[in-house]
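I'd like to ask some things about the structure below.
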Amino acid sequence: MSGIWSSKIKLSLFGESHGKAIGITIDGFPSGVEIDMNFIKSELNRRKPGKDKFSTKRKEDDIPNIISGVFNGKSTGTPLTVIIENTSQHSKDYEKTKDFMRPGHADYSGFVKYKGFNDYRGGGHFSGRITAPIVFAGAIAKLALKKLNIDIFSVITQISNVKSENVKGKMLNSEIFKKISDNEFPVFEKEIMEDMKKAIIKASEAGNSVGGRVQCVAFNVPPGLGSPYFDSVEGKISNLAFSIPAVKGIEFGKGFDFASMLGSDANDQYYIKNNQIKTKTNNNGGIIGGITTGMPLDFSVVFKPTPSIFIEQDTVDIKEKKDKKLTIEGRHDPCIVKRALPVVEAIMAIAVLDLIENEYDGINWW
Amino acid sequence: MSGIWSSKIKLSLFGESHGKAIGITIDGFPSGVEIDMNFIKSELNRRKPGKDKFSTKRKEDDIPNIISGVFNGKSTGTPLTVIIENTSQHSKDYEKTKDFMRPGHADYSGFVKYKGFNDYRGGGHFSGRITAPIVFAGAIAKLALKKLNIDIFSVITQISNVKSENVKGKMLNSEIFKKISDNEFPVFEKEIMEDMKKAIIKASEAGNSVGGRVQCVAFNVPPGLGSPYFDSVEGKISNLAFSIPAVKGIEFGKGFDFASMLGSDANDQYYIKNNQIKTKTNNNGGIIGGITTGMPLDFSVVFKPTPSIFIEQDTVDIKEKKDKKLTIEGRHDPCIVKRALPVVEAIMAIAVLDLIENEYDGINWW
Amino acid sequence: MSGIWSSKIKLSLFGESHGKAIGITIDGFPSGVEIDMNFIKSELNRRKPGKDKFSTKRKEDDIPNIISGVFNGKSTGTPLTVIIENTSQHSKDYEKTKDFMRPGHADYSGFVKYKGFNDYRGGGHFSGRITAPIVFAGAIAKLALKKLNIDIFSVITQISNVKSENVKGKMLNSEIFKKISDNEFPVFEKEIMEDMKKAIIKASEAGNSVGGRVQCVAFNVPPGLGSPYFDSVEGKISNLAFSIPAVKGIEFGKGFDFASMLGSDANDQYYIKNNQIKTKTNNNGGIIGGITTGMPLDFSVVFKPTPSIFIEQDTVDIKEKKDKKLTIEGRHDPCIVKRALPVVEAIMAIAVLDLIENEYDGINWW
Amino acid sequence: MSGIWSSKIKLSLFGESHGKAIGITIDGFPSGVEIDMNFIKSELNRRKPGKDKFSTKRKEDDIPNIISGVFNGKSTGTPLTVIIENTSQHSKDYEKTKDFMRPGHADYSGFVKYKGFNDYRGGGHFSGRITAPIVFAGAIAKLALKKLNIDIFSVITQISNVKSENVKGKMLNSEIFKKISDNEFPVFEKEIMEDMKKAIIKASEAGNSVGGRVQCVAFNVPPGLGSPYFDSVEGKISNLAFSIPAVKGIEFGKGFDFASMLGSDANDQYYIKNNQIKTKTNNNGGIIGGITTGMPLDFSVVFKPTPSIFIEQDTVDIKEKKDKKLTIEGRHDPCIVKRALPVVEAIMAIAVLDLIENEYDGINWW
């Protein structure tokens, strides 16, 4: 069902926003990787709410409690489980409106699927809070990938109508990406960053919310990983990416811009340098035929605006089966794009580690 | 690896462009469905090349030969295998340039993955020809879905710079979709259709190629199908959609337009009519929290321009490890978007049938 | 890797014997099932050590702490996670012999697989203690199956050389099974039970251990569940059964006795009664062609003797790469068969629930 | 459903006994393996009926027609599909008794599962004939494993009441196994072999059938392959082994004999020789904790007697819902054990190749 992702690396995600705890089990993780708790906490902090005016004032201390799979500070190779206790719930906020299906949320589709038995408080299992364990999994995947010199970065490329210079498919430079991503609000152009912040604050003050776009790049991914058709790199990444609540689209390299390009511009032409085969452009985002080309992996995702807004909306009462007016209360993000960056990177890190674990065998069969 | 998709419905795809035959096995297909060969052939014909000036002159008579899983004209429920013989290969075309990595094709990434042992003729297993069996699988999925009154249609929404009125996320009407999709070149606006055709012919005459966009919609899909996180409807469909060679992006409902919307516009507000819960808009494309809402399922995909162009390109000779100039010869489509429509619909049909087979259990556990 | 079982029901098992906690996530469990904690605890108690002279004196209070997937006392349908804290570890027992590969244990094979990074204390992730979460999963599966009137029982059929009257493949009676299984040491014949107990005590007094056999039966399983070949009911159950440490063989119905039977005796002949089709015998254990027949599901498993014995054994020191003598200390079961009964039943319960969730769709496609 | 096995190596099996063709797709097979057709045909010949008086007189020329995945005589790494045409069907034999559920066959369980739509002729998809493609898959797996010096052999250890000296769990010698398995009727002791043949002929003359046992061993399998719990080597092999129609039990190493052993005899004690760690005995059949130990992999399976006998049996007419008498006609094996040897070896070969492809990664993460 919802919570198991099963490839060479396996993930098992669990928890509800207002339950005892949330967490994840990572199975198939290589043994012997040093589990740097400071790095993990810094990644979780990037996702944490309550740090500034762009996010909800709700405070969650996401303290990762590893209960299996680590011994003497290193991964054992057996299932690694972490739980994060829930501490900051205002569960009563949800009692009086529990039968009101919040527009844009999974209240209604979830009600049908689970026949009304799912935990409705704070979105329950559908809560964005469940992405904290995904960030944990991404953090340890990054720790492994660092051994192979693979770096993963993300930047914000759009907030509301404010768009960054489109870097989709350009020859990407890891130095520049690293530098930008060190910023708290990572955008390529400083002015545009300020305009993005303003757009968020404006929406927030109106009790409204905004969406945005994120681009994520992985450097030094080896060629030859993945498969055509049902095990394509694009399919693997997109399957994981749509696990992030609010993501409604994904594109690789030039993505939707390909529609208006000519073949002569779209094709990434090859050249050889120092006995290495490379492409002059990377319009395909490092993937052709579902397989990595050795160029940077590059995808973008779009986030819809946070559904929790403080403006009256039309909805229905699922028990009474009647139309109702609903005004949401509580503490909610006007824009989740910035907090989502480590989640997007986690998706990339998990996918790349899985690709590598799947493909490297070191056997010559012929 | 590449060819197995394994959910409640399972697919096993095989074949190379210039091998003996291509085909697919569909496992987990319900028993008792009447296998209407005329419908199946009409679907395969929609994908067939050589019919007009918008596609390659290569003629392939895609004759489906069902070798298992059908008995007395109905599906048996056991694995259903179809093979389609390859009859129109010009294999010698590929001999002299077999070491030249064609830009935009999977020649290089495939060479690395398969260590040079894969069949290079006509793209081998990477050939777009392998989508014919996917169309077959989609056709029989449609035959099953018709029993449940579920209809699937697709339209072209962009070719090169020519864009259709954007229907993404609008309240979609099955009558209109049905009428448009009956056209050979299904576009909502007749004039725009003519401009799209011109754009293809122009590129074709220049030895170049163009890309485009397709929107696909399924009507009457019940609510409550799918799961949050790793088994989301978006994840399932996108995983399948990226199995179509040349697809480089996917979006659901408003998709990338969500980035510039406000929450108050983006949220699909609920109302009740005849005891049925519906949304006033369908920006989310019929999916929230990874689960169907009962509104039309709606996604769009982008196709990159056909990589085979007749303009000289830079590349490398993989054996000699040297830079080379390459001019592709042979018979190639200037635009594959129109031929791809039944493939896109097949993805939708397979995904929806799988969702239904997964979820319907008829047991009340409480 | 080790901990994920992924069918319609999905399991994710984690924990090490001397880590913080052990546990399991059950995904795909139906929503709305009442989670009867008393029943769950009684099942865990059946597996608990330290109750009598037939098991280790180690005391473990296996308190199940459900941290997700249950709301208002009922299953939500979202991932259900339980953790059981480890409280009774004597970790120092293992320090001085940590490089000595204990014969019969997974010390050596695990060392090679995990490259020496796995937790060696008390067998780590290989510990029989990890079966407690499996019992939990079995308990909630039983709670669901009770709604469908499906009952699962197990009996001991052999301990050391003492064998019960062989009931394999006989027409099994649920009343008798229920009555026997209510005993603390469930054996069909009282005298044989006493002899079995004596065999355990004798081995225990000699610092040695004994193995045994268990038969498990499920009543009222509907016909038509499962598949031929790779998804056979036998394959599903056996895959799960070999997850129990120490199980080294499995047979269905008459099992290995089939080798010496004639076809005329082996075939289960049909008859019809009250419009229901039944077989006169149940030699096939309720499964033919990998599919249930509607007769009782019936399998037997063999347990090897507990590898932890108090007699000096030859082994190697994996660090020094030298032959060594090893005498195991600590608290260990002379026979784990009796404690394994709820684990074996859990396997059956999980498999049957999964089969039912997989097959029931209530759609007539023709 | 039935036909897909999905691990690192993936199998997709299809076909009915009296359909156009049967076949299999092997996906994830390594590229560059030379596909020796003579070896493949010799393996298929071992399974072929009609060669002697121990098998059915039905003649099937199992000619493997590879339609994808092989190029220039070597595996490409893309899905490898083979089809074998059906040529020797006497379909009319089945018309008049098609509603009579043959005891011991999957007629009834299959009827319920497929709602009566499955092909009943010759057992349809349930036919033992479907194991020919499994032998093909095993043959190419053996070709790959030979590169790694891994050999797989099988012997008959029981036919009816005639039992071979039990070699279960002994230190197995590859030279002896190789020599024995070269015989047409491979049994360790010549006299016992003759008695086995007599038992088959006796049953055959009485219109009856007999069962038996087979032991299969793989030499030179490296240690450290597999996983505890749900991905155990035992679980993987048993899941595949129960795909062989008529297999009703499996045991590893000493298997069911463990029940009556003492721990001190059952434990495989370690020693070191030439810096290699080995065990003095191999009671565990080369697997502890679900992981290979580096000792020979060793399992035994039991085959029930062929259900097709020429003696009148009681059954029901499924359409009329009435008791009936049935006397089976046609051409059937009195014992399928000998023909099953290459099928059993195929299971081992596929499992071992999959384990190796899963585990070897050549990366040191620490």
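Letters A, B, C and D mark the chains in the order given here, with residues in each chain numbered from 1 onward.
Heads up, the rule we're going with is that contacts are C-beta pairs under 8 Å (C-beta built on N, C-alpha and C of every residue); 3 or more make two chains touch, one makes a residue touch a chain.
Chain by chain, the UniProt names read as follows: A, B, C, D = Chorismate synthase.
Everything numeric here is computed off the predicted structure, so don't read it as measured data.
If you lay the C-alpha trace of chain B over that of chain C, the rotation comes to 180 degrees, to the nearest 5. In this assembly, the chain whose C-alpha centre lies farthest from chain B is C.
Centroid to centroid, with C-alpha atoms defining each point, chain A and chain D lie 45 Å apart. Spacing of chain A relative to chain B, judged by their CA centroids, is 26 angstrom. Mean C-alpha position of chain A lies 38 Å from that of chain C.
Along chain D, residues 1-4, 13, 31-32, 74-75, 78, 113, 115, 117, 125, 228, 366 each make contact with two or more other chains.
Taken in their complex, chain D has these residues touching chain C: 1-5, 11, 13, 101, 103-106, 108-110, 112-113, 115, 117, 125-126, 130, 158-161, 203, 208-213, 223-232, 234-236, 238-243, 245, 247-256, 258-264, 266-272, 275, 277, 279-280, 283-285, 287-294, 302-309, 311, 313-316, 318, 321-323, 359, 366.
If you check the complex, the residues on chain B that touch chain D are 1-4, 6, 10, 12-16, 19-23, 25, 27-28, 31-32, 65-69, 71, 74-81, 83, 113-115, 117-119, 124-125.
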